[in-house]
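Below you'll find the structure I mean.
Note that the chains are named A, B, C and D in the order they appear, and that numbering of residues resets to 1 at the start of each chain.
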Amino acid sequence: MTRARELLARATNPTATVFILLVLVFAAVFAMNPGFFAGPSLMAFLKQAAPLVILAAGQYFVIVSGNFDLSVGALVGAQVVIAARLIDGEESRTVPVLIVMALFGIAVGLVNGLITTALKVQSFITTLGMLLVLYGAIRLWTGGAPTGSLSEAFRVPGRMGIEDVPVLGQIPWALLIMVALGAGAVLLMRTRFGRILLAAGDNERAAALSGARVDTARTLAFVLSGLSATVAGVLIGGFAGVSAQVGDGLEFTVITAVVLGGVVLGGGRGSVLAAMAGALVIEGLFTLFNQMALPATLRPAVQGAIIIAAVAYAARARARPVPTATATPTPS
Amino acid sequence: MTGPLLAMRGIDKAFLGVPVLSAVDLTMEPGEVHALVGENGAGKSTLMKILAGVHTADAGTIELDGRAVSFTHPLQAQQAGVASVFQEFNLLPELTVAENVHLGREPKRRMLIDRRAMTESTAAVLADLGVEDLSPAAKVGTLSVAHQQITEIAKALSQGADLICMDEPTAALADAEVELLYRLIGRLRERGTAVLYVSHRLKEIFDLCDRITVLKDGRLVDTTAAADITPDDLVAKMVGRRIEAQFPDRLPGTETGEVRLRITGGGNDRVDAIDLEVRAGEIVGLAGLQGSGRTEIAEAVFGIAPFTRGSIEVDGAPIRITKPRKAINAGIALVTEDRKAQGLALRQSVRANARMVLDANARVHSRARLARVSGLLSSLDLVARGEDQEVRFLSGGNQQKVVVAKWLAAEPGIIVLDEPTRGIDVGAKHKLYSVIRELAAEGLAVLLIASELIEVIGLADRIAVLHDGRIAAELPGGATEQQVMAYATGRGPE
Amino acid sequence: MTQRLAGPRLGTTALIYLALAGVLVVGGAAVAMDGGNLFATANLVDMLTRTSLTGFLAIGMTLVILCRSLDLSVGYTAALSSLVAATTMDGQAGNVPLAVAAVLLVSGFVGAFNGAVTAYLGVNPFITTLGTGLIIKGYLDTQYKGPAGDVPAVFQQFGYTRIGPVPVSALVMLLVAAAAIWFLRSTRIGHHMYAVGGDADVARMSGIRTGRTLLVAHILCGMTAGAAGLLLAARFGTGSAEAYTNLYELDAIAAVVLGGTLLLGGKGGVAGTVAGVAILAVLDTVFNVLQIDPFAKDVLRGVVIIAAVAIYARRQLDRHARRPRFAEGRAS
Amino acid sequence: MRTTRIAAAAAASLGILLATACTTDAPTDEADDATTAAESGDEWFVQADYDEQLAQRDIEPEGDPAAPWLQAIEPEWIDTTEFAQEGGDATVCFSNASVSNPWRVTGWITMQQQVEVLQAEGKIGEFRHSDAGDDDDQQISDIQAFVDSGDCDALIISPSTTATLTPAVEAACESGVPVIVFDRGVNTDCAVTFIHPIGGYAFGADAAEFLVDNLEPGDKVLALRILPGVDVLENRWAAAQEIFADSELEILGNEFTGGDAAEIKNIVTQYLQRGDVDGIWMDAGDGAVAAIEAFEDAGKPYPVMTGEDELSFMRKWQETGMTALAPVYSNFQWRTPVIAATMILAGEQVPSEWVLPQDPITEAERDQYLEVNADMPSLHYAKFGGEDLPGFPEAWQDR
C-alpha cells in the first residue's frame, strides 16, 4: 500500500513536472520554427538564458534553506553599473574590478544572511529592504544614470565564445560558465553543506540537534545568491552592455523559475537541477511567445496563468495523502 | 435522567495492526470524577482520544445520554458535550483568555461579536471555577502553564461540556497549582460535570476520584469505587509482567567498565541536585512520571537546556556542554523523545537522515563512518524501499531505526535514549531492545528514559527514579514496578 | 517571565505610535534647522495626502498578512480599478455610483481569485498573487495603451477637496481604517483572521472555517485596492494603466510590517498599519521639504523597514519561556 | 473576466500554434495580425496634430540658431505683465516627473546649470524642486505641496503623464502662480506657456521616413519600443505606423523592451534567428547599441537603423559606418523653462505654446556633434545644448 502510494507520489513528483514542462515548451518552439534547433540559434538561446539559470541556482540555495532573496535583481543592476563606473573603459582595470564586484556580492549576501539569521528578520523583509537600499544607493552614486563604460575584456564572458565550432558555430563562454557553475551547484548540494542546507530547510530543529550550524549554512546560502547575482551581472553586462534598467524585476522572474522547478517556498524540497530547468522553461516560454508572435502586451498574462497553473498542479500532487507514522498512538 | 452519562462498550483499537485496546468498557455518571489508570502503554490516552474524537474506534459503541454517537472529528465530540484538555494546549498565545475561551463560538449580538458578553461569560465561568487571579483580558501567551490549563478548562466548560477529559493535568503543575486544580474539579463535580481523569499519581486519584478504571495491555482490568481499594492493591492491578514483553538478556561478555558520564549536583530551572553516573557497558534507566524531569536531564546532558549548577564529566574529564555540537563532539548521542519534531527531516531520504550527524559535524565526519552507514541501517533490519526513500513514508518503527542509525553512525561513547520505543510496533520495539543490549556489550554507556516502567526494569542495570525534578531513589535492576511506582508517585518506600 | 509580568511592556501599537511621534519630532527639527516648518499647514496637508493611497492598500494588505498570506497584485488591481472607474464614469456624474459598484465588484473578484487559489488550490500566495498581477498587467497592456476614460469633476473632488487641512481622501482612508479595526474586532470572521494566521490547526480544532476566512481577507484586500484605484482615478481625472509600475504593493507591505503586523500572521492590526503609513508619508514630506535626492529616500526606507522589523523580532523572543520549577541559583 | 482573458490568450496561442505548425514562414504574417489586433481603436493618432507636427519640421524657427533653446516655431506671443515682479529673488519651483532615464538625467543637469547662471545674474532667487519618481499620484502631491506652500513665484512642471496630471495642473493655474509646462503636455492650456520640441509624431515620422527612404520595398523592419501606454512614445509609434502603412516595408513586429539592453539584445537575436531583419525602428535610443551588437554577434549585416542622439548609439554608428539616423527629442528644452520663468517674472512676452526646433542628426552632422561631446559619458545626449554653460563639461561628466 505504502509502495503504491509512493509510486503515485513519484509519478506526480513536482520535480518531474518541470522537465515535462521543458519538453512541452521546446516541442512547441520546434513546431513554430524547427530552425530554432540549428546549432547557432540554440547556442544564442543558451547564451542569453545563462544568467537566469545561474541566478536560479543561487536563489535555490536561499529558498531551499527556507528563505527568500528579493534583492538579486537590484544587485545585478548594481553590479553592472559598478563595473561600468569603475572600469570606465580601461582594459587594465577589468580584473581588479571583477574582484571588487565579487567582494561586493559577498558582502551583500552576508548582510542579508546575518540580518535574517542573527536579527531574526524575515528574509522577505530583509531582502526587500536590501532591494530598496541597493536601488537607491547605486543611483545616488551615479546621479541617476550609469556612467563610464565597460572594457572589451569585461564583455568577453557574456558576449564572446569559442568561434567557428562545426555545427554549433559559436560556443558561448556564458554557456560554459553556466554549465560549470550548474555542475558546481549540483556537486555542492551533494556535499555536507548542501545536505545540511536541505535538512535545515526541512526541519530546522532536527538539523540543529544533529549539531548542524543552521544559521551559518543559511547565511552562506545568501552569500551564494549574492555571488550568483554577481556572475549574472558580469554575463548580462557583457552580453548587452550598460543600461539604466538592467536587472529590473529580475528577482521575481528568478523566484518564479525556481518555484516552477518544483522547489517549495518554505524550504527543504526540490533539486537545484530542477530549479535551473525552471529557469530554462521561463526563457523557453519567452522564446515561444516570440516565435508565435504572441502580442508583446499579452505575454505577461499567459506567463502568469501558466505559473499559477503549474504550481497549483504541483501543490495538488504534493497534497496527496502519504502514510506518515503520525497515526501511531502516543501512549501516556 | 436515566442511565449513565457515558457508556463506552467493547471498544477495540489497533494501530499498524498492533492492538492497543480490546473490548474495553467505560461508564460514567453525571458529576462523577472517574480515574483512568494503568501503566504507560496500557491504552489510557488512546481510550480518551477516542472519546474526544481524535481517534476513531475500530469496534464498539459509545452512548452519551443514551444516544449512540461516533466521532470522527474533535468538533463533533465538543458539540456532543465532550471536551478534552490535552497536555499540548489548543490555545492561541496572541489572543486573550476570553477570546480563546470562545474561539469559534463567539457570542453574537446583531451579527456582531458581543465582547462584553464574551468577557462577562468568561469571568462567570472563571468565578464559577473559583478562580479569582485570572483576568479574561489577559493575553494567554503571558500566562503560566497552570493558568493556560485553567483557560483550557474554562473553554471546555463554556462549550457546555458535561464531560471533560483531562490527560495528566497535573504533569506540568507546581504543588500550589495542583491545589487550585483540586478546587476546580470540586466545582465541576458540584456543577454536575463529569470528569475523566487520566493520571499516574495515586495521591491525586485517591484525593479526587469517585471511581477508578484500571487498564492493562489495552484490556479492562477492573472498575471499582475508590473507597473500596487501597493504593497498593491498585498498583498491583496496574502492573504485572506482560506476555509480549520479553526482554533480551544481558549479552555475554558485557562488562561494566570505567565511568563514562558523571553528573554531580546537576541542576537548572527544571531539575535539581542530580547526581548520576553511567559506566561503559552499563544501561542506566531514568524512571519517573511525565514532567518529573526525565527529558530535562537528557536535554541538559546534551546541551539543549544545559545545567546551570553542578558539573558533568565525560570519560573522567570535566566538560561544559553548552550546545548540542559540544555534546556530539564529546561523543554523546541523544535519541530525542519526539522523532518527528526533533529527530528527522521527514522529506529527506533515509540516507540523508542517517548521515545527518556525520554531515553536520566536521569532527565526527569521516569516509570510513559514511561507508558504514548502509551496513548500520541493514543491521537494524530497516524496512524501506531503498535508502533514497523519503523517511515520511516509513512506519514509526523504521523511522526510529533511522534516528538510531544516524546517531550510531557517529560512533558515540555515550547514548541517551529518550522514549525510544514510543509509538512503534512490537517488532521494532524488540529490535531496539536487543540493539540497546548490543550497544552496552560494545562498551557504550547507555542512559535509557522510558515511561514504560517495564522497559526500564527489563533493560536497565540500575534505575534512577525521578520525582518532581529530583532523584527520589536509585534502585537496582531487579526492582519491582511497585517499588519504582512508589518513589515515582512520591509515596516513598513501603 | 516573572519580570515580564512584573513590568508590563509597551504594546507594539503604542510603540509604533511613539516611533511616529519620534519621526515627527526629528523631522520637524531637521526641517526647522533648514529654516522651514514641518508643521505648516501646507506640509501637514501634504503628509495627509500622501497617506491616502498607500493607506487604502495597506489596510487590505494588513488583513491578508494577518491571515499569514500576502498580496503582490494590489498595485495592478488598483491600476485596473482606476480604468474601470474612469471608463464607466465616462464623464457622467450620474455614472459615479455605478462605477464605484463596478470597481468594488471587479477588485473584489480579483481578491476572490487570489483567495480561492491560495486557500483551496494550496498555491503559495506569493506565487498566486504574482501570477494574478502578471495576468492583470497583460490585460491592461493589451487593452489600454495609456490613460483612458474621463472622471467627472464631482468625483475628482474625492481626490482634491479637503476639509480644513484634512483631504477628503485621507478622511475616507481613515474611515476605512476605522471600519477595518471594527471589522477585525467585532465580526466573527474578522476576529477569526487572527486565529487563522496564528495557528491554522488550533483554528480548525475550534471549528473555524480557515479557507473561507482567508478568502474573505483576500476579497477585502482586493476591494481596498479597488478603493485605491478610485482615488487614483479621482486624482488623475482619468484611468491609468501605468499606475502599476509604481510598485505600490511593496510600499503597502512595508507600511504593514512597519506598523508592527507580523509577516507570519496572527499578530498586529490596522491601527499600527495606519501609523506605519503615516511614518512613510512623514519621511516623504520631510525629504521633499529638505530637497533631498529622491534616491536617498529609497535607501532610508530600506533601512527603516529592516530596523523596525528587527526591533519587533527582538520583542517576540522568549515569548513562551517554560515555567521554572527551581529558581535559579537556589542550591537545594 | 480574467479567466476569459486567459482562455482568450490560450486560444489565441493555440490557434497561432496550429496555424504556424504547418508553414514555417507563417509567424511573420501572424505577427502583423497580432500586432494590429493589439493596436485596435487608435486613440493615439490625431490626424491634425500629426499633420501639424510634420509641417512644423520644415518651418524656419524664429530666433538665434546658435541658441536653439530660445528659438520658437510660429510663436504666438502673449503678454505676461500680470506676473511681473520687482527684484530678482523670485522663488522658482520645479515639479519633476523623475530622473529615471539618462535623457532626463542629462536634461536635469542642464537645467540646474542654467539655474545657477540665472541665480548668478540675480534673475531668480531660490530654486526648489521635487521628484515624483514616475509616480503620477506622487507628482500630484508634489504640485499641491508647492501650491499650498505659497512660496512659489513661478511653477515649472514636467508632467509624468499627460492626461493624469491635468487636474493637478489646472488646480495650480487657478492658484494664480504662473505655470510653465514642458516636455510632455497636459490637456489644458491654462499654463502661461507650454514648452516642447515639435513632438512625438515628428520623431516617429523622421525615423520611419528614413527607413522608407533607405530600404528596398519588401525589406523587413523590426520596431523596438520601451513601454506601452506612455503618450509621447505612443505618438512616435503611431506616426511610424502611418508612414510604414504607405510603404512597401514589412513590419516584423513591435516589441516592448523596457529600455533594458539585455532584453533588446535577446529580442533582436530571436528575430534574427527567424529570418533577416533589414531595418530597426526605435522609439528611443536607450539600448540601441545592444540591438546593433545582436547583428554583429549573429554575423548578420548591419541594418538600416534609427536610434536617438544618445552618444553610445552615435559612437557605435560612427565606428560601424552603418546607415543610420539619430532622431532627436531635443534635450536642450530643459534650459528653456527656467529662462521662460525669468521672462514671465520680468513681464516679458513668451510664446503661449513654445515649440522648439527638433532636427534629427544626420550622418553629415554626426561627427561634429561627437567631437564636441568627445569627453561626455556614453549615456549623454548630443543635443543637450549646454556647451556654453559655465559648468561645461564637468557637470555632465561626473554626475
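Note that in this section contacts are C-beta pairs under 8 Å (C-beta built on N, C-alpha and C of every residue); 3 or more make two chains touch, one makes a residue touch a chain.
Worth saying up front: this structure is predicted, and the values here are computed from it rather than measured.
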Item to complete: Note down the smallest number of touching-chain steps it takes to go from chain A to chain B.
Response: 1
Response to the item:
Chains in contact with chain B and also with chain D, listed by label, are A, C
Worksheet entry | Between B-C and A-D, the pair joined by more C-beta contacts | A-D
Worksheet, complete the sentence: Chain centres computed over CA atoms; the one at greatest distance from chain C is chain B
Worksheet item: Which whole number of Å gives the spacing of the CA centres of chain C and chain D?
Response: 35
Worksheet, complete the sentence: Expressed in whole Å, how far the mean CA point of chain B lies from that of chain C is 45
Discussion item. Just the number, please: Cα centre separation of chain A and chain C in whole Å.
Written reply: 30
Fill in: Touching two or more other chains - residue numbers and ranges from chain B
none
Worksheet item: For chain D, which residues are shared contacts with two or more other chains?
Response: 5-6, 9, 38, 99, 228, 256
Worksheet, complete the sentence: Multi-chain contacts in chain A, i.e. residues touching at least two other chains, fall at 144, 295-298, 301-302, 305
Fill in: Pairs of chains satisfying the touch condition
A-B, A-C, A-D, B-C, C-D
Worksheet, complete the sentence: So, in the complex, the side of chain A touching chain D is made of residues 28, 31-36, 40-41, 44-45, 48, 51, 142-149, 159, 236, 239-246, 248, 286-287, 290-298, 301-302, 305
Fill in: Residue ranges of chain D in contact with chain A within the complex
5-6, 9-10, 12-13, 16-17, 20-21, 24, 27-28, 30-31, 34-35, 37-38, 99-102, 104-106, 108-109, 228, 253-256, 258-262, 264-267, 269-271, 273-274, 286-287, 289-290, 293, 297-298, 312, 377-379, 397-399
Worksheet item: Hey, which residues of chain A end up touching chain C in the complex?
Response: 115, 119-122, 124-126, 128-133, 135-137, 139-140, 144, 252, 255-256, 259, 264-266, 295-305, 307-308, 311-312, 315-316, 318-319
Fill in: chain A contact footprint on chain B (complex, rising order)
15-16, 20, 40-46, 55, 167-168, 198, 290, 302, 304, 324-325, 328-329, 334, 336, 340-348, 352-353, 355-362, 365, 385, 389, 392-397, 399, 406, 422-425, 451-452
Item to complete: Would you tell me which residues of chain A are touching chain B in their complex?
Response: 2-3, 5-6, 9, 192, 195-196, 198-199, 202-203, 205-213, 268-269, 322-332
